[in-house]
Each structure stands twice: as structure tokens, then as C-alpha cells.
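In what follows, a single structure is set out as C-alpha cells and then discussed.
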């Protein structure tokens, strides 16, 4: 009787484990299917001329040059704005702020809430503040500022985690030599936490690179026939170009949308891979 | 006298950690602070370079004179104080940088940029810390590759590189094996020619071996001070006697 | 020299406070811009018509501003995507924290992170060109743009978030808690269901709420795969329009400031902002109230 019960419990456990494994297999399968679908549809159009050509009314001649340039411009500026602001805020919160003051508490609650605000709402903020109020128009600058605010909370939180991991004995070692706070931050704290900060920042930036919604809100164009030359030029980015092609009824445009996705994914995967390598190196050192 | 402490009281929040301490530190002598753990030795040593300022809600009253100047006043520059009064920690805490960079960290932050001067300083500091011969061929290797004892001597060299006058050591050998401990203890004798040293130790044998003066701490108070010989052979206070004969610890 | 150094330290601290303050300014700016335009909107459209009207036709004549079709569309996406993301995310978390060996975990976690890192535009493409044809093969009456396909894609996209939030909480349960149960002869399943899930239930609940909030704010997948027809329906095989879908659709054309269209976008955006804000506050409230202590 008891043996039977144990056997039943073991069987249940095995079934449960089987169910969980199928969930994992399902996730992996989806990822593979997604990549397969994109490559099956898009790979045949991938060529050098696709990357160097402007978009066109004819799918066969269309390329992503202006969108790729727009993405690179926008992301570079986003990095320029978001990383100093994010790391600076994290430094303030971890190294300077009095953890118990109401100002710090409000800051932290506010940052947590900002992290949950949908991307498209940042687009509305960008439209009202950068495009209209500051009159930057529908420019790369407006787009980069919008994306910077969008990923700021992610960078702050990741940097805070990295800063928390710096052993206090190292900071004390520096202070004991008569070295000032900021010098200790640049001399010990930042070098130690840099891999963690970089990992978080790269992941955040790659998220910004895949965003279309906020940039559509600020009025980034769907069609740009020239290469952007300054931050005040109008622009489009890869995700918007892909969206534009996907939403056309003709099948040829959906094919080149997939080709565009391949380019976007290669860029993102490269960034992600760098982040993962950095983190592994970092974790090994911590062990 | 190198340092004179008058009526030091120290508080962590509402916790009265040190009560009415008076202690003189002689120049070019080694002063050992002994006493059971939690008696305030480490807290006290950190008042001598104002390390407590990095801990929130601490308060200190009294006077500490270094060469006749009160270091507890706001006008006494913290960087100057810590350059003059170096601190070596319980656990070796080298920076995750090369041996060379560890030694020049302090001087560089204080504005020394000349490469030759830095090189000379590195050799001089490492020699004084009795580490030069062991590391001179691998100055660019990570400090974390050194043994525990070598790391601690590197931390001492790092301290010496800013050219202090007083060295505070907070149980500098408690994390080391006997060999590492021996090396550091030998080092004490050469270092006291140049520096006034205050060492916190949990080992009475160590205090007896290395120090000239000893102060016995109990519950945040100094029970007895005197020459090391007197304290260990002829203690005046019953509690000192109990402690050094191992009746409580 | 010393004075200069002190001054620099002081200025740096002030600069960092200023940086931190930008996050507050951002929130204020979001609230102010949304409120401003929305206030203007309600001067022209009665708030009751907006909240209870069943017809959404802001650009047609006669105009109609009943937001219910958009709201129902959005909620359908949220509900149907949860059917995928919540159980699968929770299941993945249990597997990773209770069953998987360290090495397996090291392989699976990056895969989940990759899933999380794929842009929503790619999921949108996948939904339209793969999931939708698949559904239409099984249920031919399905429309080209439909709720089901978009929901599945949104569910897959939010799955990794649920998994990682739940897993973090489960990994934080100390082994001593598990070992007590194993010592009594419990199977892994019994430990997972009777000990791990109950002791992390607030983290799980909070992860679920956050996932639903993410689904509500998701834009590109629904803009591509769910359609642009604001009809009030509960049929997941039909085309709808979500709040975010409407906002994107309006922005694709030129809308100039001051027009009713412009204000309409902000009114819908305000509603979206508040829905997600409330859910995020709920999620954090749950965590804060029942912080797991060991």
C-alpha cells in the first residue's frame, strides 16, 4: 500500500518535471522558429547593396542605408546622454545620498516607477517637450533624448547593483591614504564596478536600438531618402523602416522587412554577446 | 610625545563606545592596544585618522593632538591628517590593480606625476615593507596574485608611499598564517626607526614581542597603560592581571 | 590647491544631485504634458462620453470618442497574453530554480535573455508572418489581423520577464528550507508546489501584475498583428485596435499640435499611463507588504 503511494508520488513528480521541461523546450523552440522564419524569408535579399542602398518604392531596389545610419546616429547620441546621467545618478544614490532621507526615497520610488512606464508614453513626452517645446523638431536629437530618458532607469538600477558590489574595505583603503571621495570613486569604485555598469548599459542601449514606438510618436519618418548629416536632421531608424515594410500589403516588402530584421538582430546579438562575455568575466572574478 | 589624546568620548548613535580615554603615543615607539574583542581598540585607532567620518551617526568629543595640533577640529585638513597617519587594515585589502599601481595610488592622487619619482618611491616603499626582493620582477602583475602575507606587506608599502609619520595597524596579522605573521613582526622593528606605530592586537604574545608601550582596553575604557614590561610582569590593576593571565578573553 | 580640491568635491556632488533630479523632472514632465493636453481634450469631449461610449471614430464624420473599443481591445491582449506568459514563465522559473543543474541553467538563462532582448517589432513580424497563418490554417474564419496572434506574441515576449522575476525570488529561498522537506522524503514537485510557491507567492503575484502591465503598454506587436479597426468585440479571432495601436496609427500621419486629433492621442496616452502606473504600484505594494524574510 505504502509502496504504491510512493510510486504514485514519484510518477507525479516525473510528469511534473516533464511538463516543466516541455515549457523550456517550447521557449527554445520558439526562439529557433522565430530565427528560422526571419532567415528563411529574409536571407535571400541580404547583400551589400541592401545595406548601402536607400529605401525605394520598388522592393528589389530598396535598402536600409538611411535607416542604419539613423540608428547609429540616434544610438550614439543616446549613449552620450544616458550613460553619464545614469551612472551619475547611481553614484549619487549609492555613494553620496543619505539612504534614509525622504529625498532619496522619493528618488528611488520614482526611478522604479519610471522603469514601468510604457515606451510609447516616453514618445509622447518627447513629442511635447523635445519636438515642440524645445523646438528640436523631428530630429535625431529629439529621438536620442527621448530614448535616453527611456533607458535611464534601467541604467541607473544596473549601475546601482554594480556599485553595491564594491567591497567597502577597498574604499576604506583609499580613504585611509587621504584620498578624497571623488578620487576614490574614480580610482577604485568605478574601475571595480565598470564591467557590471557596462553590462547593464549595453543591455539597456540594445533595448533602445530595437525601439520603434517612441520614435514613431515623436514623428520619425517612415521614408528617408538621404543620409543624416547632423543631429538636427530628420531621420528614421531600422525598427521603423522594418515596421514600414511589414505593414505594406505586398509580399516582397515583407521579405525585405525580414532582411532588415536580420541586420537589426545581428547588431543586437553582437551587443548582447559582449554584455554576456563581460558579465561572465566579472562573475568569475567575484567568485 | 607624537600624539596626545585628552578625554576622548565616542558614540555610535546612542551607543557610548569610548569613555574618557587618555593616552599618549611616543615618537618612534610601538604602542600596543590589547583587550578582549569589542572593547573599543579598533574604534579608538580609527579616531586617530578620523576614519569614523565615513560611518553615519558617529560623534566624538575631546582632543587629539598630533605634534601639538588638535586634529579633531574642522580646520584640520583630512587629507593632510591621513597622509601623516597611515592605517593598515585587519584583512589585506590591496586594490585589484598591479603591484606598482597599488603603491603609487596614494601619491598619484595627491598630485605626484613624475615617472622617475614614482619609480623611486615604489622601490623605496617596497624595500621598507620588506617586499621588494619578492616582487621586483613582477611589479606589473596583479596584487591579487600575491599570498596573504605579501598582500599585507603591500598594503603597508602603499601606506608608506604617502610618507606618513604615524602608522596605525588594526590587527595586521590576524588574517595571516604564522610565516606571514613572523615577517610582519620582524618588519615592526625596522619600521619604528622611522615611524611611530600604534598596533591593535588580539595576541598578548605579539604585544609582548613587538611593543614598547601597552594600553589595556576594557568596555570602552583604558584600564591601564605603561611600558610593555610593566604591564606584563607587574600589572597594577586586577583586571589587567586577569586578562594577561588568560582568565577572561 | 586644497581649497580647489574641496571646491571640486563640492561641485561634483551638486552635479550628481542635479543628474539624479533629472529623473524627477522626467516624471513631472510626463504628468504635466499628459494632463495639459488631456485637460484640453475634455473641454471638447465630455468625459462620460469618452469613458462609456462604445464607438471610437475620432477621425470620421460624425466624430465619436467612446474609448471602450480600445480599452476592451487592450484588455483582451493583456488577458490572452497572460495565458501564455504567466504559466509558462512560472514553469520556467520552477524548472530553473528547483530542477535544473547549474550547467543547464547556464545554458537556458541566456536563451531566455535572448528572447527578452528581441525587439517587439521582430515579434510583430513573427506574429504576422508565422503565427497568424498557423492559426488561420486551424481556424480558417480567423481574420488576417486578430487578437489571438498578437496575444501569443506578446505572451512570448513577456514570458522571460515573469520567469526571471519569479526565479530570482525562488533562488533566494535558502536551501535549509528545502532540505527540511527533502529530509521528510518529499519529492521535488511537492517541495516546489507546497514550499517554494507558497513562500514566494507575493513575488510571483507581483511578477504577474508587472507582466500584464507590460502587455498593456506593448505597442509594435499589436500595431502590426492585431489590426487597426476599433470595434467592440470579445472574439479573439477578429481584428481590433488597442490604445497603443491607435496612438501609433495617429502618429504615422501628420498631426499638428492644437488639433483635436493631437489631444485625443494624449487623452488615450494619459489613460494608458495611469493604467500601467496603478499596476506597477500594485505590484510593488504586494512586494512591500509581504516581504519574504528568512
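As written, the chain order gives the labels A, B and C, with residue 1 at the start of each chain.
Here is the rule we go by: a contact is a pair of C-beta atoms (placed from the backbone, for glycine too) under 8 Å apart; a residue touches a chain by one contact, two chains touch by 3 or more.
Small disclaimer: the values here were computed from a predicted structure and weren't measured.
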Averaging the CA atoms per chain, pick out the one whose centre lands closest to the mean of every protein CA shown.
A
In terms of CA centroid distance, which chain is the most far removed from chain A?
B
Between A-C and A-B, the pair joined by more C-beta contacts:
A-C
Return the distance between the CA-based centres of chain B and chain C, expressed in whole Å.
55
How big is the gap, in whole Å, between where the Cα atoms of chain A centre and where those of chain B centre?
48
Counting in whole Å, what is the centre-to-centre distance of chain A and chain C, each centre being its mean C-alpha position?
16
Any chance you could list the residues of chain C touching two or more other chains?
5
Quick check on chain B: which residues sit in contact with 2+ other chains?
79-80
Where chain A touches two or more other chains at once, the residues are 180
Over in the complex, which chain C residues touch chain A? Could you list them?
5, 8-9, 12-13, 15-17, 19-20, 22-24, 26-27, 29-30, 33-34, 36-37, 87-88, 91-92, 94-95, 99, 108, 110-115, 117-126, 128-130, 156, 159-160, 187-190, 192, 210, 213, 216-220, 223-224, 244, 247-248, 251-252, 254, 257, 265-266, 269, 272-273, 276-277, 279-281, 283-284
Given the complex with chain B, which residues does chain A contribute to the contact?
98, 167, 169-180, 183, 187-188, 191-192, 285
Listed in rising order, the residues of chain A that touch chain C in the complex are 9-10, 12-13, 16-17, 19-21, 23-24, 26-28, 30-31, 33-34, 37-38, 41, 84-85, 88-89, 91-93, 96-97, 106-107, 110-114, 116-125, 127-129, 132, 149, 152-153, 156, 180-182, 203, 206-207, 209-213, 216-217, 219, 222, 239, 242-243, 246-247, 254, 257-258, 261, 264-265, 268-269, 272, 276
Chain A partner, complex, touching residues on chain B are 49, 51, 54, 56, 78-83, 86-87, 89, 91, 93-97, 105-106, 109-110, 155, 158-159, 162
